[in-house]
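Shared between the two complexes below is chain A, which pairs with chain B and chain C, respectively.
The block that comes next holds the complex of A and B.
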């Protein structure tokens, strides 16, 4: 570098769209690098050899038929919440309140099961459960959306706070409905009559859940890609001013999208309470509302890729739990691995979107 | 009764004050760091690891050097939270990743890190202790002013805290002064409001973002340390820290991005957090409703400031948006 002119050795420029295979190659490299780091961390902590670590993880995820079912079920639930948050993100509405919306839906479902279970005919009960859970999720989502649309109230912080209100509401009702009284736990609802439980198809408990989520995935893919409303969402996401200029009612789009987002979260709550746990606790959503944001973002808001990303995360969780039980370690180990993987993938996006241009000092001319 | 309520509210509020002071500095640079809850966990567990190692290296805990017992956990805590701040800055500033996703990943990672080492530390170092209990270290941290009891209730309210509590208040006051009255603070605010303009004015945007985020993380991490060493008497329990990290972020809004207001806000939040203990004849279920209060209050503040649109009370204009010089 010359003394007179201070010139940086390199600068960063935005890339044009990269070939799809190149961008996927970068992502795969990032995942591979992350898995190596994860293995190293595991080896340091447990002393097992790295291959043994991954064998253990595979056993944890696919070891038995039961585990495979539980893996697929967990993928389906995470995917469901991810699908719910996606339209909002595409609109650049940072809905980090999925946790609360799922809980609201779950609470509505539990309320129906407790108050009307064994009293209504089962068809009416199911209909009521579906309607109330969608409604509860949608209400939880539309409150922040309303304020965002009218007064630009910061939605990230608003939806975040709504989570804790939902959590405390659930706590409140778990005391009210607790069995036995005052224990603070609801326990399995309608255990003897199974009233309001999702029916098991062909003897498989989770099959219906998985089918519902599969249907939602296809719906969301088509909705975002081919419908007029999906198009409006992406225009608002790119630029609210452009949207306004071409005559899109931005307020209406924000509120409508959040209604949809919240309603799907409500369905996730329904599937969790009525189709999986048959009870409700503060932890029913189990952090899925937050993990879903990462799943959706990693998949570039494409519902089909989300199947892959949620598989990756659930696989890691299941595998890490197996490792931690084998070595008597704490099960939060999976969160550490998830964090590492996400850091790597987030970091890799930079190399997809930007290119580093090294300056040739002999030329001495600046590229602009 | 009232004195003890205020005292307990302050003790509850101090971790929130650390967290919110840190987050205010970070947000003023335009970085919305949703990793604060994770960072506070990491700060707490790093301090615990440091103290644990120090206590283990001694044959007899009573021979502990009080100065070392305080300084070692402090240093490990600062180091741990600094690393978290660096990860966040590297990803969002240098690699321009999405701030919300990075922050949430950081929280997942940090909470997992805290719970993992909290639950497995004993196993990993093959110690024969039943649980992590750093009473000796905690006693060093909890040393209070000797004359606190002489002044009755006034002394209890004003002087009965350990040194970290006063550090929190002093840090908040200094931050408030630096942000509002100095050139560095002005530059930092410029970076958060409009990085392109700041860049044009010759301010090194990336450096300000890095330093503000890392400094903010370190301060927030101290909140985790205060919680473990003071509030929890040196006993680490998994998920014991709970949702306080998110409450700290709520406090930032409540204090409308002003650290001096967040001193009062933290005491108020601390009070709201424990008020259910002081209301007679409250059922278990109603207690849960009372725990909602801090969040409800925050939402109300958020709505009011957005409707009023007063310029002094708005979040930094470029909060949550990565800056890229060539993209205008």
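The block that comes next holds the complex of A and C.
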């Protein structure tokens, strides 16, 4: 061997479990690093003062009372969908069809409002809306679950395809129910009578939405942590073999969990249509079905942490919209900033799980 | 040291750590040409890590490697190959649909390009030289385990390796195949090759190697000449203290039929028949051993009894120890079996993939068996936590706390948790598949004692093992399974290893494992 070989400069090794405060320190550092990179990108691309940009972002989210309400409402909606997908992901069922499940629930709600609004007593109407929206979301989720449980079909593709069906169904009914006919828009449903609208509590339009989601958060936390069904979900997710070995009916758990997951997505659809938009369009779910996956994973499937992660993501979105209008920047710019920040946050998980060791370049010399 | 002059490979002060775990600490050893060196150590003593550093899979944190007296930097398997080092891994890395020859030349650039016929001739020449019996055109999927191993060995010889490292090569072989392999290795030694064999089987070390290097918990303990040592001394070096290697075997007390398996047939998902007309009886108060080459249907047999494997035909009868009532376990799910009052405990081969959930803590793993009890929709964590505490104390499980995920525990401790839980259910039938695989000597004997205690308590114990010496010491009767058929039932007190070895390869049809 004449060729001189060099030892590798560094290698990557798995860490032991970190103390919780150390891992949070890494995460905070990641956010700080992300803000610095964003500032650099801002200066280079736009020439604006980055501090001013950050101040505007903050104002965009918290600037006025109205904005704060809108922020919290958006957090609640994202959180609701995140809660819905969490049991599925905990079971390692890759449900990327929350978008469609939300739309299915929303479409059912809109149908009730349009067909039975002003005709049924409001209690009956609300009951009908709740039942049909849950049912619609659950059906949308259970179809892929049924095929997965019985024939091991790929749930990722299946749930994704179900999204397109839901979107096209909404398009179809938007045309059927459009007001005025042929306009291709449904417009605000029952605007004068407010029939089927979520009641506003104490004059706050979104308060009921927020309370419902808060209730769901607590429910999901307790369900996953302390209930027998939640325990079964964890076992099936970790190892289907172990589940079978201890006599858990894996098919039943998959189907039951997806029914629950879909039903909560249906509720999210209900809250969006009846409690927020009072109409339905193809964009009612607004990508939340996908963003929710990120919220859920970042929070490691803990519903309480999800409050934080959904706050973070909604805050970034709101702030980004604000700066793009104030500074007259292309709206894509805000997406760039959001992307950088999320990249850093996800990247920090690598440093929490792994450590990088740099080799001493002088061979044979022992380092203390 | 005169060894240094002609040492084929020498390690000096090699240290390697993974996180906080020190896998190797200041290990120094050397291998000469024309010599077989055994590296002996319990599981987790760092044998494989050390060899992986020689073969370029890991890079040492500290220390040097010398080849023929010159320092070598081995940063990749390619570098190792340039130094003529060949490693035969425990798990074979072969393409099933390729022939032996195709596998051997795969990824190897030869002068004159790819010529399968010429390669096959070279392979035959190598086979003849060292005494392999291998058809170069045979497809890997048609091969027995020992043939696959031969392909792996020829592969490194074909590439010109003269330093060979074999990682636990006999773990998957029958006694006859092992003897055959040893003959081949001896011929290679005569040819001047340096051979390192990793093992934890003492009798193999004594019969094959010239020198033995012992590792314990990552540290180098010493090297002795095989001719000047014995089993007791090696064990002491390996474990660090004197260990009595005797299993107390009591006479079965009042054995009664507990489990009767009659004419069981079953197929796997691909329709291949894995159990053929299997019939046997397991009696209370005795340990029934099951011997056989790995993958001969042992797992399916136990899973069939546990309700995890559908049967094509056949019956499985269980006799209640108190009432003597007969119940048929065929086509019952594990849950139904439990609801019938059959206390069947099962320690599966795949501990973390089946017996336990790796990411859950000890408490939640205890709960796997008991979480259903009670009408509440919520789980109660108090009783399983108490059970977890109890098992940790009783079986000396080394764990930071009951809240540690079991995958972070060492193999022996994982097994103690699993066996502890299964015994806690006070079973009437206890099935254990390879319960000591990967365990150190102390843990292994602890498990044997636990099984013996269950036997004394009147449990019908079924023990699937791979080490024939252990089977012969522990079991009252030994059933031998070969390719899904029961090929014999022998008395554990009178049978010999050779007798069992022959039964393991016996099949009543044409195909035989050579």
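Definition applied: the second predicted complex is superposed on the first by the 337 of 368 C-alpha atoms of A that agree within 3 Å, B and C clash if a C-alpha of one lies under 4 Å from a C-alpha of the other, contacts with A are read in each partner's own complex, and residues count from 1 in each chain.
Note that in this section a residue touches a chain if its C-beta (ideal position, glycine included) is under 8 Å from a C-beta of that chain, and two chains touch if they have at least 3 such contacts.
Bear in mind the structure is a predicted one, so any value in this text is a computation, not a measurement.
Participant: Which partner chains sit in contact with A:175 here, chain B, chain C, both or neither? Use first/second/both/neither.
Facilitator: It touches chain B, and chain C stays clear.
Participant: Can A:287 be said to touch chain B (first), chain C (second), both, or neither?
Facilitator: A:287 sits against chain B, while chain C stays out of touch.
Participant: A:162 in the overlay: touching chain B, chain C, both, or neither? Say first, second, both or neither.
Facilitator: After superposing on A, A:162 lies in contact with chain B but is clear of chain C.
Participant: Could you tell me if A:238 is touching chain B, chain C, both of them or neither one (first, second, both, neither)?
Facilitator: Touch status of A:238: second partner only.
Participant: Should A:229 be classified as contacting the first partner (chain B), the second (chain C), both, or neither?
Facilitator: In the superposition, A:229 touches chain C alone.
Participant: Quick one: classify A:153 as touching chain B (first), chain C (second), both or neither.
Facilitator: first
Participant: Tell me which touches more residues of chain A here: chain C or chain B.
Facilitator: Result: the larger residue contact count on chain A belongs to B.
Participant: Go through the superposed model and pick first if A:340 touches only chain B, second if only chain C, both, or neither.
Facilitator: After superposing on A, A:340 lies in contact with chain B but is clear of chain C.
Participant: For A:246, is the partner it touches chain B (first), chain C (second), both, or none of the two (neither)?
Facilitator: In the superposition, A:246 contacts chain C only.
Participant: Once the two structures are superposed, pull the chain A residues common to the chain B and chain C interfaces.
Facilitator: Touching chain B in the first complex and chain C in the second, residues 13-14 of chain A appear in both lists.
Participant: Under the stated contact criterion, what part of chain C meets chain A in this complex?
Facilitator: Those residues of chain C that touch chain A are 18-20, 59, 61-62, 64, 70, 72-73, 75, 79, 82-83, 306-308, 333-335, 338, 346, 348, 350, 352-360, 364, 367-369, 371-372, 376-379, 408.
Participant: Under the stated contact criterion, what part of chain A meets chain C in this complex?
Facilitator: So the residues of chain A touching chain C come out as 1, 5-8, 11, 13-17, 226-229, 231, 234-235, 238-239, 241-242, 244-247, 249, 355, 357, 359, 363-364, 366-367.
Participant: If we count contacts the way the header does, which residues on chain B are in touch with chain A in the complex?
Facilitator: Residues 32, 34, 87, 90-91, 94-98, 100-102, 104-120, 123-124, 238, 243, 246, 249-250, 253, 283-286, 288-289, 291-292, 295-296, 298-299, 302-303, 306-307, 309, 315, 319-320, 324, 326-327.
Participant: Mind listing the chain A positions that touch chain B in their complex?
Facilitator: Residues 12-14, 45, 94, 96, 147, 151-154, 156-158, 160-165, 168-169, 171-173, 175-176, 182, 184, 287, 290-291, 293-294, 297, 324, 328-330, 332-336, 338-340, 342-343, 346-347, 349-350, 353-354 of chain A touch chain B in their complex.
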